[in-house]
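Chains: A, B, C and D, in written order; residue numbering restarts at 1 for each.
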Amino acid sequence: MSVQSSNQTELRGPIQSSDKPLGRDDLARLVARDIKPGSFVNLGIGQPTLVSNYLEPEQNITLHTENGMLGMGPEATGEQIDGDLINAGKIPVTELPGASYFHHADSFAIMRGGHLDICVLGAFQVSATGDLANWHTGAPDAIPAVGGAMDLATGAKDVFVMMTLLTREGVSKLVETCTYPLTGIGCVTRVYTDKAVFLTGPDGVQVRETFGCTLAELQAMVPVPLKAAAAVGS
Amino acid sequence: MLNFVESVGEAVAGIKDGSTVMIGGFGNAGQPFELIDALMDCGATDLTVVNNNAGQGDQGLALLIKEGRVKKMICSFPRQSDSWHFDTRFRAGEIELELVPQGNLAERIRAAGAGIGGFFTPTGYGTMLAEGKETRILDGRGQVFETPIHADVALIKALKADGKGNLVYRKTARNFGPIMAAAAKHTVVQVSEIVPTGCLDPEIIVTPGIYVNSIVKVA
Amino acid sequence: MSVQSSNQTELRGPIQSSDKPLGRDDLARLVARDIKPGSFVNLGIGQPTLVSNYLEPEQNITLHTENGMLGMGPEATGEQIDGDLINAGKIPVTELPGASYFHHADSFAIMRGGHLDICVLGAFQVSATGDLANWHTGAPDAIPAVGGAMDLATGAKDVFVMMTLLTREGVSKLVETCTYPLTGIGCVTRVYTDKAVFLTGPDGVQVRETFGCTLAELQAMVPVPLKAAAAVGS
Amino acid sequence: MLNFVESVGEAVAGIKDGSTVMIGGFGNAGQPFELIDALMDCGATDLTVVNNNAGQGDQGLALLIKEGRVKKMICSFPRQSDSWHFDTRFRAGEIELELVPQGNLAERIRAAGAGIGGFFTPTGYGTMLAEGKETRILDGRGQVFETPIHADVALIKALKADGKGNLVYRKTARNFGPIMAAAAKHTVVQVSEIVPTGCLDPEIIVTPGIYVNSIVKVA
C-alpha cells in the first residue's frame, strides 16, 4: 500500500498517539519532525509559520519565501530589522549562511517548476481527493486575494495542510467536495489537524494517527470514509 | 535611450492619461515611494496599475487609488488589513480588478519582456481564476493559457546604477523590479546611489542597462 | 512617406553616392555610420562583424552577443585571450566597462523581447517584402544549422542585412520571393550591398543610394521593382 | 539531496542507458569536459543529448557521438568546421537530429525548469523549423507553439560552489548552465573551487543550491 510521496518519514502504527487534541504548537512540532532532512520548504502565512520554530539545525532544512529568497532565517528582532528583508507575510526576517536572492519570476519558477519538496499551507477546506480551498470564502462582499497560494498548491512536490479539523460551528473542514472556491485540484497529500493526521490522494483518505479520539469517534466527525493507514513495514 | 534626470518629477513627466504603469515592490520592500508620489503630483489619471498589492495605508499607491486616478488594478493580493482605499473603491464598483495568482503575474510580466506570446501553466487550473480561459492537458496536467502583461511605463527601485544604467538591488527588495524593467516600454528607476561605469562587477548585474530609460537618485 | 523605423539616421538624397561598388570595409563603415548613437546592437557572424571596426566611441553603441553578454569589446589578442570570454562565433573577445553577463534564456529574452535596436546579419536572399533566408541552402546533403539567426531576425527592432547584391553567378540575392528556406518573414528593414542600399518593407523596395551604378542599371540587375527613396525633408 | 563527490566517475555513475542528458557549454566555454569524459567511461548509451552544438574535434561530445552512444541530438548548431563525427553519423542516418532555433532551445529548457507546459513564440514562424507545429496569431504576430525540454540529467560547469550547492559562473561560460540545472531531474556540476557556506554573497548567486544534486571539484 502506497499513497505517499517520498517526503514522508514514516507511517506510524499506533493510531491514537495522544490522549487529547493537539495544540497549534504541538501540531507545528509534529509537522517539523515529519520534514525529511535536506528538504526545501515553503511555509505559508499564519499557522504554518509556527513550523519554523521547531525545525532542528540537524535537519538542514532550507526555507523559501516567494518574494525572492532561499535560506530564510527566523523573524528579525531589534537591530536585525531591515525593511528590504521580509517574508511573504511582509514580516521582517533574517538571512542564514548560504542564502540567495532572486527576482519574482525566478522565485516562482522554483515553486512552479516542482523544485520545492514541501509547502505547508492553511486551509478552509480539503476534499477527500486532496482538493484545496484556502484563498477565498466566496462571500459576495469579500475582497478576493490569492497571492502565491495557487502556485504553491500546484507546484510543490508535497502539499501539507495545517488546520483545525472543525470550524467554530463544529463542521468538518475535511469534506467530500469543497464548497469554497478552489485553490488547486488533487494537490494536498497530507492534512495535519488538532484531532488527526490524514493522508489524502486519489484512493481516498487514510488516518495516520489520532489525537484524543478513536478512529470511530473521528469518523463520526468527518463526512468522508476513513481508513487506518498501514504502519511502516506492515 | 538612457537619461539621468535630476528629479522624480522629471522622471515621470512623460506618463500619459490612460497608461498602464507597472510599480515594483512587494509590500514596502522595493516599492518606489518617491516615484509614486511624483506620479501623484504629475496628474496622470485613468491608469491601469500592475503591482502585487493594491496599496497600503495612506501613502503611495493607496493614495493614487483614493484620488480616483486608477481605473484598473492588476494584482495578486489586494486585500490587506490597511488596504482601505482600495476596499472602498472596489466595493463601490469604482475600480476594476484583475486578480492574478502571484506566479502567473510574475510569469506574465516576464513573458512580456521576453517576447513570449502566451504560455500554459498548471496554476489556477480548475479554479474560478481560470474561468473563461483556454485550457489543455499538457505533460499529463490540466493547464491554463495565460498572456503577457505589457506596460507603457515601469516605476521601480534599485540599490545602485552605473553610467550604463546597469542595476543591482538589495535583498528581497529585488522582487518585481527586474521583470518589470524588461516588460515596460519605458522604465524609470529610483536608486540610492549612482556609481561610475565600470564600478559594478559585470558578473553581479541583475538588470542590464538595455532595460532602463530614466534614472533618478533619491536621497 | 515613411517606411523606416526610428533607428535610421537619414535618407540621403543623392542617389549615386560612390562611382564604384563598395568593398566590404567601406560597406561596414557605412553601416556603422548609420547606427544611431546609444543603440544596442547584435552583429552576426561573418561580414557583419566588420561593422565593429568602424563604430566610434562617441556613438556609445553597446554590443550584445547571444551567448550571454552586453558590452562586448573588440576581439581579444595575446594575453587578453580567455576561453571563458567568447562571442557567438566562438572567437575570444574582450569586455568593456559597463558590461554584464547573463544566462542563455536571459540573453535570448533580450533578443526575442524586442530590446535590441538593430541586428546586422548576412543573407543568402532577401525578398522585396523583407523576408530573410540566411541559414540553410536547402541542399539535400547539407547539415542544417540555425543558431540564433531566427531569434535575431524576428526579435530585433531593425534587421539590417549585409551582402553582395549578386551571387558569383551574377544572380540577384534581392528577389521577389526567397527560394532558400526562410529565416523570418517580413523582418528585414534595410539591405546593404556593394551596389546599393535598399529599404525593404510591406510597400516594396526603395533605393537609398547606389554605388557605381545608376538606378536604371541597378534595376536591370534586380528582379523586383525599385524606386528611389525620398531624401530627408522631401 | 546534495552530494559532494570525490570523482567525476562517481558523479555520473547513475546515468542510465536511454537517458536524456543536457550538457552545458557554448563552444568550449562552460563545457564540462571532465564530466563528458566520465560519461564516456561509464558506458551509458542510447542517449538523447541536449547541447547547443553537436561536438567539435575529437573530444568530449564529439567522441560520444563517434562511439555511437548518442541516438539523438537536440541542438541549434550542429554544423561546424570540425564537427566531422556528427556529420558522418548524420549523413549515414545513424543519429537523429532535432534542430531548434537557439532561443527556442534556451526558452524550452527554461520552461521545463519553470513548470511551463508550453509557450508561443514568433521565432521560426513561417519557416521549415515550424512545419507541423501549432501556430496562432498573438499580439498581431504569427507565433509557434513550443514545448518544454526536460532532462534526466544535466552536466554543467561552474566556477565556484558553496556548501549549500549555490553556484557562480565565469563570464560567457555561464551560458546554458543555470537553465539546464533547473530543467533536469538530477544536476551534476563540476567546479573549479568549493568554498565554505557563507562565502558567496547571497546577492550574486546565479544558481541556488536547490537546483544542484552532485558537485565535484575538477583541478
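As a convention for this text, a residue touches a chain if its C-beta (ideal position, glycine included) is under 8 Å from a C-beta of that chain, and two chains touch if they have at least 3 such contacts.
Worth saying up front: this structure is predicted, and the values here are computed from it rather than measured.
Participant: Name the chain whose C-alpha centroid is farthest from the C-alpha centroid of chain A.
Facilitator: Computed centres place C farthest from chain A.
Participant: How far is the middle of chain A from the middle of chain C, if each middle is the mean of its Cα atoms, in Å?
Facilitator: So the centre of chain A lies 55 Å away from the centre of chain C.
Participant: At what distance in angstrom does the C-alpha mean of chain D lie from that of chain A?
Facilitator: Each chain's C-alpha centroid was found; their separation is 34 Å.
Participant: State, to the nearest whole Å, the distance from the C-alpha centre of chain A to the C-alpha centre of chain B.
Facilitator: Here chain A and chain B have centroids separated by 30 Å.
Participant: Out of chain C, which residues touch more than one other chain, so two or more?
Facilitator: Only 69, 95, 101-102, 105, 108-109, 111-112, 155 qualify.
Participant: Residues touching two or more other chains, restricted to chain B: which are they?
Facilitator: 107, 110, 114-116, 121-122, 169-171, 202-203
Participant: According to the definition already given, which pairs of chains are in contact?
Facilitator: Contacting pairs: A-B, A-D, B-C, B-D, C-D.
Participant: Could you list, by residue number, the parts of chain B that touch chain C in their complex?
Facilitator: Against chain C, chain B makes touches at 1-2, 110, 112-116, 162-164, 166, 182, 197-198, 200, 202-203, 205, 208-211.
Participant: Looking at the complex, which residues from chain C come into contact with chain B?
Facilitator: 38, 40, 62, 64, 69-71, 95, 97-102, 105, 108-116, 155
Participant: Residue numbers of chain A touching chain B in their complex, please.
Facilitator: For chain A paired with chain B, touching residues are 65-69, 82-87, 90, 95, 101-105, 107-109, 111-112, 136, 141-151, 154-155, 181-185.
Participant: Considering the complex alone, what residue numbers of chain B touch chain A?
Facilitator: 26-30, 76-80, 83, 86-87, 90-91, 97, 99-107, 109-110, 121-129, 142, 169-179, 206
Participant: Chain B touches which residues of chain D in the complex?
Facilitator: Within the complex, chain D touches chain B at residues 107, 111, 114-122, 136, 138-139, 141, 143, 147-148, 168-171, 201-204.
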